[in-house]
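These are the structures, in structure tokens.
Here come two complexes built around chain A, the first alongside chain B, the second alongside chain C.
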Partner chain A sequence: MPPAAFSPARRILEGDRGMKGYIVRNPKLAWREVDGEMVIISPEDSQVHELNETASLIWKHADGRSLEEIAERISTEYEVSLEAARADIGELVTALEQKQLVFVATEVKG
Partner chain B sequence: MAELDYPVKRPDTCAPLQISIGNVPLSLFIREETLLAPALRRYHEFAQNSANGFPVHLNEPETRTKMGEFSYLLDDAKLILGSRGAKFYGVRHEYALDSLLRILLTMVLLPQRGFLLHGATVVRDGRAYIFFGRSGAGKSTVASLSPEGSVLTDEISLLRYSNGCWQAHGTPFWGEFRAAGINRLFPIAGLYLLKQASDDRAESLSLKEALRALLPCVLFFTAEKRAHETLLQTLMGLIEEIPCHRLHFRRHAEFWKVIAA
Partner chain C sequence: MAKTPVMDGLISRTVERHLPWSVHVDLTYRCNERCIHCYLDHEDHGEMKTDEIKNVLEQLAQSGTLFLTLSGGEIFLRDDLFELLEFARSLHFDISLKTNALLIDAERARKLRALSVRRIQVSIYSAEPAVHDAITKVRGSLERTLTAIRFLQAEGLQVKIACPLMKQNLMAYRNVQALAAELGVPYVLDMTITPKMDGDMGLLQLRNPVQDLLPILQDPTVNPPSSSQDSAQAAQLATGSATSSGIESQAYEDIPCSAGHNSCYISPYGEVFPCVQMPVATGNLRQQRFEEIWFKSPEMERVRAVRESQLPVCSKCSIRQYCERCPGLAQMEGGDLLGAYERACDLAELKAGLAGVQNPTSALHAQKPNRKELCSIPSPVATPAVQAGSN
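After this line comes the complex of A and B, so read on.
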């Protein structure tokens, strides 16, 4: 796993206009929403992960959508600037990726 | 044709030991006397005459695991579970049989909104109280502080949704007490995560906290995603109906006062 600073998700959200990122949930995981927050189980090692409200929102929308689309969604939902939303989800997506809860597919614009 | 000079017992000539645990009827086909005698003793409280028990064959000649069958290896013993029955291999003593039965029950109960939990079940005023936690949490202590005859198990509780409510069933699975168990069921009044403390108090848990508390205490042996989804759904159904608390207790029977409150 690359260091967080080199995460493609962070680069995209920090304004690398040469890349576009799409996020998907790890299909091997079982999960359940409890009071608006996600509880996720990794069946292979029985590890349990709990997400906070913002990470849960990212998780819910991690169905192949672009990171930019999710940033816009969070910006609207929490009434924060797009820049602030980008910064927040950059960190969260990187953390989710490192725990292998989500995958980010990148597309390099030609 | 050469005659065999020793008697051969075919599987179909072996009368099964019919038992029912958590309303799951099982037909145990045990041919070895060394296993049958302790099994009769261990499960006599759970004996039930039923021709339709889920067949469980012990130590028969091993066959290859088929597609779609669940298998689990426990030390030298093995469980193979198919849709028509289960096979236990390498069972040398009653403890191995007991362990494989627990694993089997977790799989059979799951689609029926049931599961096994590391917990003691105590009945009070016709309702079941589940005290759960990992090893050393105090399950046996709670059981030892409870009146004789009120403990359904001191180790492994069986919870199941049936007849419109969550019920706790007695099990033959015991820890320190090694009792035969009580084959009865009672509606569940509450779930209590045990925490030894210097005072007695019950702290209400949110749904997320309750789920987080229960998950590590559920007996679960499959790595299948769908099974985990079913488990999550079952546990959510339980905690949405039954209050869950963290019970701080001093290893003293006084803890019942905070439960009654």
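After this line comes the complex of A and C, so read on.
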């Protein structure tokens, strides 16, 4: 189960997601960075996930920040337009969420 | 851990970078069992305190360690175990435990689940209490261990049974297989009995003569025909080391194993070794930083420099593909990290013979022409159709 403040809100990852969601890592997972890329393991099924560079960047910042904030960072770091960064984030966050590696909430409590 | 292309790729990268990816930490050598084959000195000679271990864990996390195995001794004898687990979890380690489980009750199982411990390896020597308890020297230990396993399973935790095989329980592997199937858990059969840490070789008398291992090597539930790819993979997982925590893989290529390359062992006293089965002291965390030992210790570098293709005897061996030489045991029993490990030679000859190799002779034994033939290989024996465990 996700933390109480982070009920998955899938609809914001689709169509009308915008960049209003907040993202947090699944706290059950184990992870380390290897050569700039995240390696993540699920304790429940021992599944190993290896993220690419951009997904790893999202993961690193998935500590309750807004998707918009992460889009701005990616835009700056990779020197791409904010629109392009938003589009990438939309796809990657959906993939991460489908694998239950992250949770997305519409608001952060506290 | 499942062997996958992703894992093999990661193993190659961690070896290339000398990343200490998998670290086995013994929290204590104290134990509440007195297993007859145990290689440890159970007296506490000054094990690391809570803060010292936390400091070590912080260093490991900074160095890139992902897989953390906590073992002993019996780890639940440490009053600070859950504090350490909580701390390790905050550092995002993948946590596995090795325990006899005697002290695990429903509440502790619940806590382990809450801390996202991935796997708990529990030693079981037989499904018959008389056999198991005679090895642990604790009456009622099998029943208590099985009760604990059910607590762990009730919490959805992954349990793995480790069954070290010695003279006292050799054929018990069948009832351990059946028990694992009944519980729905994987198992590993470990045919290795090692000398005591102080060098005392007395424990080796508990070891099964190699020819007595034939029923296991011929058992299709443990060693299925090579034509069955899935079963072959299961067999790789059904036999192995219950002690070492290195990750096994073909990705190591010309290096003997993970020891010193992407894994190491830390004793309760802060000593760092390439592996729990490799008595090559490389430094002590009470005097040095982990990275200083890992990257700069001459002993670690010496272990890291070994290549199988350069081993003076074994590189010339014609049945090398059947051999599971352990460099640590070669050092421990033969005094030479680069030398042959004769027990592995004996086993390789047996396996090669079973595979149809005519007069299989290891390079070591080819140097000893007067050596008696180890044993003859009888026809295959009938075995129960119990599914081999998987990881």
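Heads up, the rule we're going with is that the second predicted complex is superposed on the first by the 87 of 110 C-alpha atoms of A that agree within 3 Å, B and C clash if a C-alpha of one lies under 4 Å from a C-alpha of the other, contacts with A are read in each partner's own complex, and residues count from 1 in each chain.
Going forward, contacts are C-beta pairs under 8 Å (C-beta built on N, C-alpha and C of every residue); 3 or more make two chains touch, one makes a residue touch a chain.
Not measured: the values here are computed from a predicted model.
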**OP:** Figure out whether A:V48 sits in contact with chain B (first) or chain C (second), or with both, or with neither.
**Re:** both
Original post:
Is A:V39 contacted by the first partner chain B, the second partner chain C, both or neither?
Top reply: both
**OP:** Could you say whether A:E69 touches chain B, chain C, both of them, or neither, answering first, second, both or neither?
**Re:** neither
Original post:
Between chain B (first) and chain C (second), which, if any, makes contact with A:E77: first, second, both or neither?
Top reply: neither
Subject >> Common interface positions of chain A, toward chain B and toward chain C >> reply: 28-32, 34-35, 39, 41, 43-44, 46, 48, 50
Subject >> chain B-touching residues of chain A, taken from the complex the two chains share >> reply: 28-32, 34-35, 37, 39, 41, 43-44, 46, 48, 50
Subject >> chain A partner contacts - residues on chain C that touch it in the complex >> reply: 1-2, 4, 6-7, 9-10, 13-14, 17, 19, 21, 64-66, 92-95, 116-119, 156, 158, 391
**OP:** Could you pull out which chain B residues touch chain A in their complex?
**Re:** 206-208, 211-212, 215-216, 220, 222-229, 231-233, 236
Subject >> Residues of chain A that touch chain C when the two form their complex >> reply: 27-35, 39, 41, 43-44, 46, 48, 50
